[in-house]
Amino acid sequence: MGIRAAVAGASGYAGGEILRVLAGHPDFEVGTVTAGSNAGTELGAHQPHLLSLADRVLAPTTPDALAGHDVVFLALPHGQSGPLAADLPADVLVVDCGADFRLGDAADWEKFYGSPHAGTWPYGLPELPGRRDVLRDARRIAVPGCYPTAVSLALFPAFAAGIVEPDVVVVAASGTSGAGRAAKPHLLGSEVMGSVSAYGVGGVHRHTPEMTQNLAAVAGRPVRVSFTPTLAPMSRGILATCVVPVRPGVTAAALRAVYADACDGEPFLHLLPEGRWPATAMTLGANTALLQVALDETAGRVVVVCAIDNLAKGTGGGAVQCANLALGLPETAGLTTIGVSP
Amino acid sequence: MGIRAAVAGASGYAGGEILRVLAGHPDFEVGTVTAGSNAGTELGAHQPHLLSLADRVLAPTTPDALAGHDVVFLALPHGQSGPLAADLPADVLVVDCGADFRLGDAADWEKFYGSPHAGTWPYGLPELPGRRDVLRDARRIAVPGCYPTAVSLALFPAFAAGIVEPDVVVVAASGTSGAGRAAKPHLLGSEVMGSVSAYGVGGVHRHTPEMTQNLAAVAGRPVRVSFTPTLAPMSRGILATCVVPVRPGVTAAALRAVYADACDGEPFLHLLPEGRWPATAMTLGANTALLQVALDETAGRVVVVCAIDNLAKGTGGGAVQCANLALGLPETAGLTTIGVSP
Amino acid sequence: MGIRAAVAGASGYAGGEILRVLAGHPDFEVGTVTAGSNAGTELGAHQPHLLSLADRVLAPTTPDALAGHDVVFLALPHGQSGPLAADLPADVLVVDCGADFRLGDAADWEKFYGSPHAGTWPYGLPELPGRRDVLRDARRIAVPGCYPTAVSLALFPAFAAGIVEPDVVVVAASGTSGAGRAAKPHLLGSEVMGSVSAYGVGGVHRHTPEMTQNLAAVAGRPVRVSFTPTLAPMSRGILATCVVPVRPGVTAAALRAVYADACDGEPFLHLLPEGRWPATAMTLGANTALLQVALDETAGRVVVVCAIDNLAKGTGGGAVQCANLALGLPETAGLTTIGVSP
Amino acid sequence: MGIRAAVAGASGYAGGEILRVLAGHPDFEVGTVTAGSNAGTELGAHQPHLLSLADRVLAPTTPDALAGHDVVFLALPHGQSGPLAADLPADVLVVDCGADFRLGDAADWEKFYGSPHAGTWPYGLPELPGRRDVLRDARRIAVPGCYPTAVSLALFPAFAAGIVEPDVVVVAASGTSGAGRAAKPHLLGSEVMGSVSAYGVGGVHRHTPEMTQNLAAVAGRPVRVSFTPTLAPMSRGILATCVVPVRPGVTAAALRAVYADACDGEPFLHLLPEGRWPATAMTLGANTALLQVALDETAGRVVVVCAIDNLAKGTGGGAVQCANLALGLPETAGLTTIGVSP
């Protein structure tokens, strides 16, 4: 019999993706699925692609409904994980895909989210230096945001190797599923198809302090991040273009070696061969982060491009990867590196 | 050690999909991969999503290169499977995703393909009545075309039950991957995005006789099919809308019962609950055929809508399902019913 | 000074398209723009593409706000045009893009809309036989629905020429703007991109009786229509595939001649040369209906494919074409036949 | 009778867009249309949306074929404009949409294009300081590249006002039509739909020196530009995100005032109201450049986002705007600011 997993927020995109991964996982068994306003309806009404789970009825998101599981995945609007997690037993693994417990700095939280800080949980990005040791002991894990996943994976090797200056410019394109399932006019298909648009410009996106925190931890000093998200006409995928001043004397070969080393042995971090560039479709449904690097000597900058599936590696796949680690399973169990393409 | 599988035509869309399915299959081991003009290059240059196979070098498509495998999947332009298969040992399972061996009637072949008929192999659509028995003994299997897969699955229950007249109108929308990877101007992204277009109108599409053949076999009498394919702005997916005159006295409840019975026990054939309609995205990457039915009493017609992933159930997944049967594996091994969505 | 035009429902897609056409029209001057719940906000908040009108403030949709114009365009949810129009002066031209006044048969209205019939106005599809004479005198015009526009233009020539039987099957793909701007989960970009889906299957779509009415009027006898709409991943465009039994003895050449004659002299009805098939993108932003025909002798059917821009010829452009006629302007004033493509 | 215009390269995307604009222009008359390998075929086979010009036969691209016109628009692969223009009379206006004559520095040309420099023509971006005076006398005009159009319009106000440091990072997303009509596998719809990808990373894109040249001219000193282009799943549109270090003491209000002043009186340069951000779809088919700005005080950077239609303002519309100026017509003749949206 498998490890019993509950998913809170199962009618949203993040919850659906966690369930999609769990349904193909050899070790987990899907237990209770919950929702907020959709409680009482069938999962299949919201996630028709989850055929084998379609007739499950969504329970309300309460501690009682989530009791009796080995692991609870939370895929809730920010602000809801804190109170809920407080009522879950300490020995149950809780993996939170929300923002509540990602930031170490309460002031950052309050500035960007405008509410009291709930606390800080072990940060669930296993590829970052030293993370796996922390996650193996964890019973509370904060899964990174989708943009910080892409940007942190893109830049931690350069900062760890000390080959760049701490002054980052990131422009990232995201598919619309990153904005969630709440029906808003600007997310209608009629609006987003055939259109790329900017939003959250000027350092105001809530994922910015998370990137800064992660990169500063690797660099061992403060890092400035100018982050601009854009919305692209696709359901899934993030392509993050990260531009950083290169330190004097760093060659293209040295840059490449840094990234080859960082990817070596990492199951989900993949440096493409020279001459090939990441496309988000290569990662569709996969837990892969695809990287490629270039040195622009004229502009004095390193450019790192990272493609992920925002819902997979950026949310649901990343969450299961963390759960695998915390529960002593193979880190790659139930996760694929192969995207559905074309 | 796994069953050794070779894939001929591995740099195309059908070949890539077969490999994607095989890479996640518990029983197969990918052996030789071959190509035509792309022979000598790395698979990853053409199928960058197949990370674990990316540095495989494509061999030329010859009988020698394909020797020494338990199963050979052919994903070649029509006309190439015939000569090649003649040089493969009779005890090796050969699963052909091309058209060469699908039609039983040589005249049909010559009319629609303009070349001599290569022969007829066991037709690889396990859901059709009586098929599984044939496929379990087979060492040669002709995988159906993508459109005939959708249309045959949509309509065989109605014809088997005798509730419709043999005068079918089908209009189907396909994603562009159905047209293959050859670079043609009308398949450029700039042309197809934001646009639905018609092609092959007037009964001239090569998949038409295949539909007629399949439905006539089930109906036990000739069936007329008016088939119009259209190209939709998506990479994958077929939505087939099938409209057939209903026989007198058939009620909506009886119609629904016919389809519920036909789907019962079928792992990949799924009748959606009333009120939900198929969308191709629900099947992305999955081996599922989603069905829904309606009775239009005013027009005197049954409407059956079927959604599949043209590359998955419509090609690569269907091919592996057949191979599973022929090799005595569980029919569902390595195949998922859950699409990557949204 | 121009003809003063008011637009009611200016924050929706239909209203926005009417304004886009009016803004480029040599004879009209945009007066009051109104909205329901968006009243009091700037037009540019809803229609940012209408740069020259962006700072207009939306008035509430009332007779008073609409007074003092030469023409009033109504782009309102069905059921709202009736009461409003009753309070507009009889000598003001009122062009209604809603459904309220399209149907001649009160029973049809009540069956499909479930509310009392408001009445019947002159039907604004100038290309139908005899229509222009009616529209030149009109002060009330009911603009057709987008699907009936495409289907009626596709099939009226065949019925007028008596070369087909009155038993029509139509499957049409529409862009999502046809579903309007109300934010509903199934219309989110994440849901519709990469997906074609069915809806309103089985003769229940409200545009069905409108098609039946139009074709029966041309045929001079009852016509059965099986109509299935599908949703395609594009903002604009309708591709209607219309399949009809051909009468004995009709040749492909005769069929083509019927359509060439019907398009001759029609500014917005265009039969493509043989071998080219309509694509919706060819009509983007244009008032054109593109047609192509084929005779399927094996299936005994005529297939007519029609592409329009559902918002342009299918709504806003069609409305202005009618207004041109009613006001004695050149029918083509302010309307283009050239789409924005690719 | 109108001004006679010839278009060389009429079967490509740039040529088609020039023709689309000319067909709606009150002062031009379309004369000869030419092509390379498509010479001898009908324009409608390549540009089916140009209904009124569809039966024009493409002449070969030779000086003789282009003789006898008042203006010749060149929409040719780079390297072809130079020899051709040398054979056109000096008093005929030649507007080149290719790259041949854009760069003032021969070394830049040779570095990025690998061939001898053809020369430098007046640069056709009227909004840049002092440009209109030059263009009013010109008989040879080099239309800017699509990316340099967006980036130069985004940043010239900041450099002209001296509020930023000359160290620019640009990441831009382009629709696939920017890559032209040559059929290449990576531009197939199946590859680009649902995917954002990087290319030309590391300062190697040919539009980079053009941006540097334009901004340095405005700044009056050297400017470094790190430029990364990405390909987005849409046919048309560029969204350029431009990030530049802000000079000390510049406030958000001062930044906004600089841009409001720069847009004041410019017919095609539009600063959106605060809180609204550019989306490429707002500009579809229009000659508009939409701008919005933000000051990121934490990162010490100005972010300017610019949306254009790469084929309209970025190519064909920009070309006609220049021709209007050079021929003494109103600069806005035949050009719209209103996009086709949604």
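Per-chain numbering from 1; labels A, B, C and D assigned in written order.
Just so it is clear, contacts are C-beta pairs under 8 Å (C-beta built on N, C-alpha and C of every residue); 3 or more make two chains touch, one makes a residue touch a chain.
Worth saying up front: this structure is predicted, and the values here are computed from it rather than measured.
If you average the Cα atoms per chain, which one ends up farthest from chain C?
Greatest centre separation from chain C goes to chain A.
Between A-C, B-C or C-D, which repeats the contact pattern of A-B in over half of its pairs?
Same contacts by residue number as A-B, out of A-C, B-C or C-D: C-D.
How big is the gap, in whole Å, between where the Cα atoms of chain B centre and where those of chain D centre?
Once rounded, the distance between the two centres reads 44 Å.
Just give me the whole-number Å value for how far the CA centre of chain C lies from that of chain D.
Chain centres of chain C and chain D, defined by C-alpha means, are spaced 35 Å apart.
Send over the residues of chain C in touch with two or more other chains.
As it turns out, chain C has residues touching two or more other chains at 13, 177, 188, 190-191, 193-194, 233-236, 279, 281-282, 284, 342.
Along chain A, where are the residues that touch chain C in the complex?
13, 175-177, 179, 181, 183-185, 187-194, 233-235
Give every residue of chain B touching chain A within the complex, in rising order.
Interface residues on the chain B side: 13, 16, 20, 23-24, 42, 44-45, 47-52, 54, 177, 193-194, 235-236, 270, 272-273, 276, 279, 281-286, 288, 336-342.
Of all residues in chain A, which touch chain D in the complex?
So the residues of chain A touching chain D come out as 169, 171, 173, 188, 190-191, 193-199, 201-204, 224-226, 228, 230, 232-237, 239, 241, 243, 277-282, 284, 292, 294-301, 303, 305, 307, 342.
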